[in-house]
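Labels for the chains are A, B, C and D, by order of writing; each one numbers its residues from 1.
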Amino acid sequence: MDQVSLDTLNTLDKAGFVAALGDIFEHSPWVAEAAFAARPFASLAALYAAMQDGVRSAGDERQLVLINAHPDLAGKAARAGTLTADSTAEQASIGLDRLPDGEYAKFHRLNDAYKAKFDIPFIVCVRRHSKDSILREFERRLAHDQAGERAAALGEIFRIVALRLDQRVNAPDRLKVHGRLSSHVLDNLAGKPAHGMALELYEVTSSGATGLLARGLTNADGRTDAALIGGRPVPIGTYELRFQVGDYYARAGVAQADPPFLGVVPLRFSVAEPEGHYHVPLLCTPWSYSTYRGS
Amino acid sequence: MDQVSLDTLNTLDKAGFVAALGDIFEHSPWVAEAAFAARPFASLAALYAAMQDGVRSAGDERQLVLINAHPDLAGKAARAGTLTADSTAEQASIGLDRLPDGEYAKFHRLNDAYKAKFDIPFIVCVRRHSKDSILREFERRLAHDQAGERAAALGEIFRIVALRLDQRVNAPDRLKVHGRLSSHVLDNLAGKPAHGMALELYEVTSSGATGLLARGLTNADGRTDAALIGGRPVPIGTYELRFQVGDYYARAGVAQADPPFLGVVPLRFSVAEPEGHYHVPLLCTPWSYSTYRGS
Amino acid sequence: MDQVSLDTLNTLDKAGFVAALGDIFEHSPWVAEAAFAARPFASLAALYAAMQDGVRSAGDERQLVLINAHPDLAGKAARAGTLTADSTAEQASIGLDRLPDGEYAKFHRLNDAYKAKFDIPFIVCVRRHSKDSILREFERRLAHDQAGERAAALGEIFRIVALRLDQRVNAPDRLKVHGRLSSHVLDNLAGKPAHGMALELYEVTSSGATGLLARGLTNADGRTDAALIGGRPVPIGTYELRFQVGDYYARAGVAQADPPFLGVVPLRFSVAEPEGHYHVPLLCTPWSYSTYRGS
Amino acid sequence: MDQVSLDTLNTLDKAGFVAALGDIFEHSPWVAEAAFAARPFASLAALYAAMQDGVRSAGDERQLVLINAHPDLAGKAARAGTLTADSTAEQASIGLDRLPDGEYAKFHRLNDAYKAKFDIPFIVCVRRHSKDSILREFERRLAHDQAGERAAALGEIFRIVALRLDQRVNAPDRLKVHGRLSSHVLDNLAGKPAHGMALELYEVTSSGATGLLARGLTNADGRTDAALIGGRPVPIGTYELRFQVGDYYARAGVAQADPPFLGVVPLRFSVAEPEGHYHVPLLCTPWSYSTYRGS
């Protein structure tokens, strides 16, 4: 759906406003209707707060209807293609629409267990997760009690909505829904940024398999021109950065052992805060390296 | 074959001496016969030098016979089990006796190319290599000229013999044929050696596959009780050490992110000198780590 | 003297132009006169180049006059206060106007030796140096021959002029005459920037004495709000950064030894390129630290 | 006094035994007399335990006499040279016998304050301390109550005695009274130990003054041949190791800036456990270095 500016939203009548934002909450245009009364909005944050207030003041029963308006994760609807546009894109972002049969069955079982215990669908802000972390989240939340889990479901709905709003509405302020994963390579042999070092970012799953997420080449400042992950939450999960240290020093004409002591240097780390900045630098020589969570 | 002491060798008559060491050079008891004249040997190094002298002074023709007495690498004899005992053990040490068909064919092609060019079998001291490094060695040596390659073949025969002698003969001195791969974990959070951290050593092949070579647990001094590889050459190749840093800090009760920033920390490096000491320490905190070739 | 904009300079008549820039070259308004012909100047760099061209095309004799128009370093004129305004400020910037008698005598001797050999005053761009590096520069240049030293003197004059121009003329572009000395503290115990750590920057002289140059306190990003040295060349010389690591961890409530293993951490390094960026970070825990030339 | 072996002690009669060990406790031969009954001693530790038992079972009054048999720290007796031989050597080890007048007065004041509060002399095991740490210890202990301080005094007497016994008696076991300060330099540019790097160890006092304690040169393994401090307790205090990194790389022919970025690298740290092993390595390149408390 097209972007709309906050200024435009502030001038629309109720019908126009609900046409523009009615689908932000899954199958629940009444939340946009409720928020309309708080017009005009000084900021995107104010609009978001008004929508949250609309839900909070709607009472238990209506909140339950809202929760139940959400589809199963990796459920039949995802496979059948009958989700809302937003849900389709969100579930597809980590492959929940095309799970191998074994994993599909696993999600199915967990969904059933969850519904049996709480009588609501399992809701999670998919864009903040990898498949592995969603499975852990399932287990963690299955241990909740009814009230705790109702609150958790609303919390996740608000996270989903924040991401949708931030994407849909053009405003001077942004909701703090994005994180960043970046790197930086310092060549401690030359005492300056490593220029022209190739690097790759991989996702590491619990099964040990890896999937390539991004490639980069360091510029004169030792950084990649763009963040490796940016403009979105950094999914909770485990990552491996791989740096072509051996090739870099070979091209620089540095004498190395054959094969060089350091060829591909992997840095493995996990992300726990999708809205955080994960800066993972590499300091290296042909015989040593170090890393740390930087800033 | 049983060990024999240098003292005993020094008292044996020629027949006994050749019975004890005649098989050290592949199918070539004449080298032991030639060395016998230099008795008594003050050291294992002196015995080894006498055998090398025997070969060097034997002339081109006899050296060629010695070279041709060696079997093909990963050849039919290895599959058929008709190698000498030493050759059998050596080739088996990196799986040359049980190659998958594709790799067997590759070795076969390289052997043929080598023989077509040099008219001698390709000889390499297998215990100093991984499969990958032997394939690189094949390519490197195919670029030699006839004279260079004759010298290379003798050089490899002397390496094979040094390892066989060092294993067979009990003497106060040792030939410098062994290397060492060790690690050490310093916990920079606590300012002391990391005690009780699990670690694993993997071989990393050019295809990216990995094979577990050793497991260890750090003792109170932050080291494994035994070297990860020791008492033999460290095969030329690429290795990955994997440290259970996240579990270590969890057991120590240190507050960490969920999942912890550092779970399994991999250190990847290559070995170029099989007789060297590769000490690869890990200095770590829950948020940083470094490594270097130590001593 | 007040700043003047490049636009204004481009509209002035010759008299006005020389009035504005005639003193940029020491006692040599003819350089501004010569440059006037190249008006208008598209940039500060173009103005600077025109002035350099004026000197280069003026011939040996006139260049010699220009060179001789410069005062002795730390000479009688400096003590007597009869230098040009610019020279006064420049020499005072490293205390050449108030040397202790012993050092004054040393400069005097070096000036005499230099004049005896080259028959010109020793010229150096003082703002790029510390006292120690000027003394080393004296010795280095005393080894030159006549021609090499004439070129060196002109080179230093151009450096002096570049700094004066960059300060005097307001233009969209800047001459690259400034360097930067900055730091950054990462707390590898907490996995984030160290906030609130006090640090000091000292000059370290060859005699071992130290002088405090700057104090700072790290902000939430682990940096000082302003560069420790910036907006000027970083004088060639040796520096020591001192960080209050022990106090920082004590305030954070981290258990430490008594006294803490790390109290004040000194990082000592030297600057060789006054126009470079010297970023010297500290990565620390209560039991370890590291540094490197960063970017 | 000469060493005596544990075997010899076990064969001596009471008079001989007391003659050999009567002065171990300051002016208190009765402790040796009491310990004599526990003969023979299986180990030095057993002898030490028997002497401690002798004091513990002697009752408050006698313990007070023992405590009062100790001289003032840096008192008149030290200046006048009328201490026991052991006390003389101990106080001299950190210069308490030749304090400048200002410091002498300070010790005098603290001694008086201590005596006024506790009516016993201030006793501390001097060999475990620097002057600074003794002054801090004075302040710390002035805050004790009477009972706590009586126990502290006995504890220090036992430490003094352990050091005297360990030095006097030749036995297969040793009392754990010695610490160790050592270093190790890894050259991360070359990937091996730094051979031939000069280093110095300085004491750093609270006033900022420094005193040279030891010099060393790294051997082929990157270590000094002997510990920088060893065979004694490492005095509580602050130390600075200074490494000639710039000279080392200059001699190795490595291209460096002029002056080199790293010339003298200082590592500053404090010792809190005199019986501990303080291993403080330097990992360096011409542009980076790191250190940590090692093992």
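Assume a contact is a pair of C-beta atoms (placed from the backbone, for glycine too) under 8 Å apart; a residue touches a chain by one contact, two chains touch by 3 or more.
Since we're looking at a predicted model, the values are computed, not measured.
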| task | Sort out for me whether B-C or C-D is joined by the greater number of C-beta contact pairs. | result | C-D
| task | Taking CA centroids for every chain, report which one is farthest away from chain A. | result | D
| query | Per the centroid of Cα atoms for each chain, what is the distance between chain C and chain D, given in Å? | reply | 47
| task | Let me have the rounded angstrom distance from the C-alpha centre of chain B over to the C-alpha centre of chain C, please. | result | 57
| chain A: positions in contact with at least two other chains | 188, 191, 257, 261, 283, 287-288, 290, 292-293
| For the protein chains shown, what form does their contact graph take: line, ring, star, complete or other? | complete
| Which of the residues in chain B end up touching chain D in this complex? | 186, 188, 191-193, 221-222, 283, 290, 292-295
| request: Could you pull out which chain D residues touch chain C in their complex? | output: 133, 236, 238, 240, 257-266, 268-270, 272-273, 283, 287-293
| note | Listed in rising order, the residues of chain C that touch chain B in the complex are 188-192, 257, 261, 283, 285-288, 290
